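Below: a set of structures, written as structure tokens.
You will see two complexes here that share subunit A, one where it goes with subunit B and one where it goes with subunit C.
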Partner chain A sequence: MRLPDEFSFSCPLKINCGTRALANLPAELSAFNANAPLILASRDQVGRKRVSTVIDAFRTSGLTLGIYDRLPGQPQPDLMPVLARMYRDGGCDSVIVLGHGSVVDTAKCLNLMVSTGFHGRTDDSGGDAADPGPLRPLMLVATSGGNGDEVTGYASDGVRRLCSPRLIPTVAFIDPAMMEDRNDRDVVDGALIALVHAVEAFLDDTAGPMCRAYAHSAIGLIVNHLPAVLRKTDRKKNLCAAVNGQVAAGCAFFSSSPGVCHVLATGLKQGTDLPLGFLMAILLPHMLAEAGFNQPERVGELLYPMVGADIFAVTAADLKTPRTIALFWEFFDALNAELSLKIPTSIGDAELTDEQIKRIQSRLARGSIDDHVARILEGARHGVTAIDD
Partner chain B sequence: MHVPGYYEFFCPVKTVAGHHALEKIPQLLNDLGAQRPMIITDKGVVAAGLVDTVSAAITPGIQMGALTDDVPPDSDLKVVVQLAGVYRESGCDAIIAVGGGSVMDTAKGVNILVSENTEDLMQFSGAGILARPLKPLMAIPTTAGTGSEVTQVAVIADHVRNLKMPFASYFLLPDLAVLDPRMTLTLPPAITAATAMDALTHAVEAYTCLAKNPLSDAHALLAIELIGQNLLNVLNEPENADGRLALAVASNLAGVAFSNAMVGMVHTLGHSVGAVCGVPHGACMAILLPYGLEYNMHKNGYLTAQLLLPLSGARVYAQTPAHLRAQQTVAAIRQLNQRLHQETGGRHARFFKEITGPDGSARVPVESLEAIADKALGDGSILCNPEELDRDDLLMVMSHAWAGKPLDRNLVKKGDLKIR
Partner chain C sequence: MKTIVGTSNRIVQINLSTGQVAEFQVDADDRRRFLGGKGLGLKLLYDRMDRGIDPLGEENCIAFMMGVLMGTGAPCTGRFSAITKSPLTGIMLHSSCGGPFGMAFKTAGYDGLLISGRAPSPVVIYIDENDVHMVNGDDSWGLDTQAVQKQLNPDGKAGVLAIGPAGENQVLIANVASGHRFLGRGGLGAVMGSKNLKAIVARGKAYKIVPANQKLFNRAKKRAAGYIENNPVTADDYRNYGTSSHVNWCNDGGILPVKNFQEGSHPQADQVSGETMRQRYHATPSTCKPCSIMCGHKGTLPDGSVHQIPEYETVGLLGPNLGIFEPDTITAFSDRCGLLGMDTISAGSVLGWCMEAGEKGLIPPALKFGAAEGIAQALDDMAWRRGFGDEMANGTRLLSKRYGGVDFAIQIKGLEMPAYDPRGAWGQGLAYAVANRGACHLSATTFALEVAFGFLNPYTTRAKARFVAFFENLNAAVNSLHTCQFTSYAYVLEPPIVKYTPKFLLRLIMQYLPAVAILFMDISIFSKLWRSVTGLRLNQWQMLKAGARIHVLERTMNTGEGISRKDDTLPRRFLTEGRGCDAKKRTVPLQPMLDAYYRLRGYDPHGIPTEKTLKRLGIEPKWDMVTDPRLDYFQMVSPGGKPVKRLYLSIMLWFMGRAIQAAARVDREVRKAFDAIPDGFTFALTVAPDGPAMLVGKDKAGRVRYLGANPKQRYIDLKLTIKNIEAAILLFTFQEATVTAVARDRLIVDGELPAACTVVRILDMVEVFLLPKRLASLAVRRYPQWPPFRKYVGRALIYLRAVVGL
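And now, the complex of A and B:
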């Protein structure tokens, strides 16, 4: 393994994963010197029963809880001062959030506001962002349907997108009791976003081995457990493992540079109703084929977390990259066998027009990556990886 | 990929690594809101010129508050209290620990006293007693082995009352670990070998013992790969900065792995040999690692087998029949010890019998084995070992490791419990 000449890594998140993980909520709060949490959730998203499950974890703790379980599905800037007042008037000293998406964004922004009075100059537009300093503990109770973004330092307050390592939750609890029976499309969408983020972090030359360790775990957990989730085999246990992978992927993603698939798929998303994760999945094999020309050894190393030591070791060095790409196709096929809405094999199948693709290409591709991006898009348009030629 | 029923994983320490990592310290301190750091180190580190290297790298942007090299080889309460006084008198606002395990422990102890504004360290002894963040602490390890720059524990000895005070808290974790190969370039070959084997043992036990999890596994595999690829190269070419950086990073990865997955009987016996006979920790780990793997092989041989890939590479792994891979992993570690023995002119011991003191006497006399076994029974790391150990087992393993004979696995009492 070749190390970058210089790198740094930081992941302030603690992960508590597995059976009865939630039982440790009071102890973890106490370890971080907090004992009056405000619980935030969207009852529509996680259901009343799961809110009760979290509250039950405090039954013998003697702690007083604040609870607001009617967060909306989209961030509402007007709600923030109301929540902040609730937090302060209730004498709260920490936040517990259940779920994913905008609910978690709201919790991150609230924590920023009540900890520092900070209103969000920490944007990810490359500006001169000020460090808000340490925040109060934020506990995340993960549920299925997330994509790893919950554990990053990114958040949207409904007006702007914030970025700071300080926004990263303190502890993520991944408990089978919180794994919802959501529709498969949402679960797969989130898992695919996380998977592609993990793969791109794995391939990031500048990210360093700590980031790679998180990415390695994420890839192995998602690839090995997501198909079983869809087949309803020991579903909660496998969901728990897949969500574990998503959390690890979020950690890796925040510690690396956004990759080509992430950037391209975000652009393509504007022209289609197809879920973002499905778009990223279409692009992934083509990105790998392209990367395989420049750094074949690195791409081939992806085989290890996907299939384990035995197959990795017996696969010839020059076949590792094509085998990796083939495995991703097989993985998508395995998911498609259980999905009603299939992962398309090409951008064409995603009903994006050539015009839209060209517009996005010209907007996204700059300088030396022009050819690189063009080849990925060209391959994805037809659904044939260059490695097959 | 092994997913346990429940696990926890945590390492919030920011790691900054590279050939010019030291030059980043001013900015890193600034990010922590610190301007007058106190450097805590020991005389060996100063004599090696490492503090000069650190000072030269950071003084353009930072005014040093104080520098002390009074840390003894074994951390001491009186020194901790004295250094806390120096910190306060000098108006410092952060600590930079430059050194090995004792320096890190001392720095953590000082940080408790100055952050809590007290002279009484004892009241914070135990797990989870600290209730709030401490002053900024930066760790710059000068050996590539202990991984103590990423651990949340410290042990301070009170030599007056003859007791050791353990401390465990998230708040003890350093804010930053700075890994720069210049800090280990001058490490003598024998210490390079022993400390790297310490790191290898952390990674191997984290991967093969009971508290493993997907994230500790990934850290352990990368650590083993880096050590396997770089240790002998560094011994052949001590000023190989890329190799030195790789070993420092491997030590850090192994530290993260074992502090989230615990260790097993290699540490159980190693701690005991260190306590009874005063043998350096790394030397104990290097000798005992193959024995620990052999002892547990009927329980976790499939995990030991997997380690052949990062340790010896894909070709060796593929060429070794599956049922022999675990034994081949053990053989590879023994071969590594043999090579280290040769490369260090015999200073790297392969078994306990060949460790001698300055006067040529045996450091681990055969009569001490019973005392070692007795003491090992009380070591906490015994809990995460895959196979149970009683006094006879410990004595049996020690007698093999003392004489340098491969373990007679027919003598292992195989428990009925399966690992789930």
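And now, the complex of A and C:
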């Protein structure tokens, strides 16, 4: 394993997983001297029952909880002062957020706002952002449907995209009781985004070995458990494993640079209704094929988390990359067997026109990587990986 | 002498800036809806004042409102109200007083006095039946409260309201004197000082006040007087010992403020009780007029000088709260505050904060608990705003903001707390938190129900919100009639339905069916008195609704100043720190009571009266009260406990503890394991946060003993804490072995690791003895192969000994 000359890695997140993991919420809060949490959730996203489950975790704790379970599906900037008022009026000293996506973004922004003295001191990610200092405890109760972004230091308040390691939640709770029977498409979408992020973090030369360790775990957990989730065999347990994978992928993603698949898929998303994760999945084998030309050894290492040590050991070095790519195709096929909305095999199937693809390509053209992007897009357009050629 | 039937309905309005004097009347509808006194005063200010004005600016108004019953001869009705915006809290302030000014003003033919503006130089207002005029007050400026009253009222026939040096210097805790009584709280003296108004002199006895319905009045008065005479609190305790009779039961109940509310009682408290002071000073009544309770007393000190005997709040805050138990010293401080024109409650609280802040190194330790030295000087410095006294003069809120120590600044909304520790009376905690003027014991006197009379369990949240809301409504009405609040003890407790109901039944109904208890409470004596005087119709329920209207109007005015749920709280000390006298270290569980109270009151979750509530009470919103509709979904909950699981664990831990003790006697291996633990060693297995526990230890002779279930009572060498009750249930339903629980991070081990390993081994062995193999295999890591004799005979003996307790 090659050690980069310079790298940084930070993951202050503690994970508390398993049956009755939620029962540890009061103890975890108490470890941060917090005893008045504000619980945030979207009732539409998680349902009333799961909010009650979290409240029940505080039985015998003697604590009083502030609750707001009507967070909207999209971040609303004008909601932040209202939430800050709830936090202040309830005498709260910490935030617990249930769910994923923009609900968690809102909680992160609120935590930043209340921890920095209600001034709403938020900084754009690109500039010379001042360190806001340690924030108050933010507990994440993870649910299926997330994509790992929940545990990163990224957040959006609806106007600006914020980035700071301080925004990372303090503890993530992964409890089978919170693994609801959600729409399969949303679960797969989130898991695929997390998987692609993990793969790209794994291949990132600058990310360092710790980041790769997280990415390694994420890939293994998602690839091995997501199909079982769709087959409804021991669903809650497998969902827990997949959510663990998503959390690990989020940690890896935040410690690496966004990869080509992430950037391309985000661009392509503007022209199609297809979920972002599905678009990323279309691009992933082609990106691996492209990477396989330059770093066959590195891509081949991806086989390890997917098949385990034994098969990895007996697979010839020159077959590891094609085998990895083939396994991803098999993985997508396994998912497609259970999904009503299939993962397309090419961008053409995603009903994106050539013109749209060219526009994205020209927007992303950046010198030497231009050729790589072109080849990935070309492969994805036809749905055939170069390695098969 | 001319006659006024009912009330004159004449309000004098004086603008000190222009010198303009006017007179106006209040329409009958407002008189009925706001009763008079406090209620009407608030309504006048609501109509005239904008929100956000400077309390010490000329836009601020002061309303002095006489009680409707004043002058009629009804018992204990010589009281009047003052309403203004407080400079100490920045919100509305109502204060009540029983001095001679009220009666003189009322019999001069007026019901109220409204003062606005600011005089360019010190003035004194003179009022009599024919004239209202201002004279230069330069000669009076600088005099103390008693000297100025003597100067302005040499014949003693007038009633004077005057400020002392503290008011002149706009000390935020300055009060206003009338005779030896005071409009004490919230800095009313500073508001008068800011207006350059040194005193108001009223010369009365020009009018005779007669009730509109003399027959009804006579009947009601007779009944009221009878109630007061028969009630032990009003006819015995207060009449003989004054309000300082509270000292002993407050001390017994653990709600006496000791050392800035760090303790809740003190063995020397009796030295400052009403009973002791009566004996020491040969007390004689010195009260408001007319009064048949006579709680005020004067007495003779050993040096022969005659002084007002301090009442309970003064004793509590200037005595035990400062660690002082010398009655003469407390009386001297009380006199000093009286002459300077400063509120004794706030002054005591400021001094207590300074003493504790000095101990903690936040400020120089000039004052010390238990030492009287320096206090008199500090009071003078406060009143004259000299040196550090200038900071102290602004009250504990500003002091603690500047120097730190907010946690032990005993104030709410800026107003310092009176002498009842809410940790020993949770309902009083709620009453303090939601009282409109800040920490106020007169808004809802639930401490009496909880501690003095024992009708409500002080340590439960049950029924508290309902009684707080009820007493707030009642007291708002009482302060508008206006009679002394102490009459409530007699008027509420003496009617037959309460008096002849067995106390245990009364307790049961009040605690578990508070709405029913309130429904059957007979307080019609108040409404009958008001009805007989005014001639307007009013029953007790309409009176209570008027009380609610007055209370919510005041709240509405306060929310206009930014008051909301964040301000309805208690000093952090009462929420996080137990009293020194309380082994259980109980704190006030405020939030659930607050939620219940808001629901009863018709406030939104942020404590803002809803539009529906305002409409129901007929209050017209003066400013935009609309809050964000999303706030309606915010809620505060206290999830409660798991009593069945808790009980199960308590039994299991109790039995396990006794079984360990028995096993150490019966089994050699267990005894050997204990040999590895030093004598005197104690270990505990507890469930966080304050769940069931089991303590086992070796005494000095090496005998293993079960030591009970309270880990707070002794030093523990090794503490195994199960993080939550669910994890404990996994362990004690044998779904998870102890070692597995440790591996899964379900236990916190506080102590030495080798000892912890030994203890886990002992627990495993005891489980093997206690449980059949099938269960024990689940509970222990590896089931041992023991000879049958050891296992079965040992099991029988351990069960026998555990049950018997050997």
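Criterion: the second predicted complex is superposed on the first by the 380 of 389 C-alpha atoms of A that agree within 3 Å, B and C clash if a C-alpha of one lies under 4 Å from a C-alpha of the other, contacts with A are read in each partner's own complex, and residues count from 1 in each chain.
Note that a residue touches a chain if its C-beta (ideal position, glycine included) is under 8 Å from a C-beta of that chain, and two chains touch if they have at least 3 such contacts.
Everything numeric here is computed off the predicted structure, so don't read it as measured data.
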First (subunit B), second (subunit C), both or neither touched by A:D56: second
Touch count on subunit A, higher of subunit B and subunit C: B
Partner chain(s) touched by A:H216 [first = subunit B, second = subunit C, both, neither]: first
Which of subunit B and subunit C A:W329 touches, first, second, both or neither: neither
Subunit B versus subunit C as contact partner of A:S8, first or second or both or neither: first
Partner chain(s) touched by A:A309 [first = subunit B, second = subunit C, both, neither]: first
Partner chain(s) touched by A:R20 [first = subunit B, second = subunit C, both, neither]: both
Contact residues of subunit A, present in both the subunit B and the subunit C interface: 18, 20, 30
Complex contacts: residues of subunit A adjacent to subunit B: 1, 3-21, 30-33, 131, 133-134, 208-210, 212-214, 216-217, 220-221, 224, 241, 244, 248, 305, 308-310, 312-314, 317
Subunit A-facing residues of subunit C, complex: 564-566, 569, 589-592, 605-607, 628, 630-631, 633-642, 646, 688-691, 723-727, 730, 744, 748
Interface residues, subunit A side, partner subunit C - complex: 18, 20, 23-24, 26-27, 30, 55-56, 58-70, 79, 82, 85-86, 88-91
Subunit A contact footprint on subunit B (complex, rising order): 1, 3-21, 31, 33, 128, 131-133, 169-170, 213-215, 217-219, 221-222, 225-226, 229, 242, 245-246, 249, 252-253, 256, 306, 309, 314-315, 317-318, 322
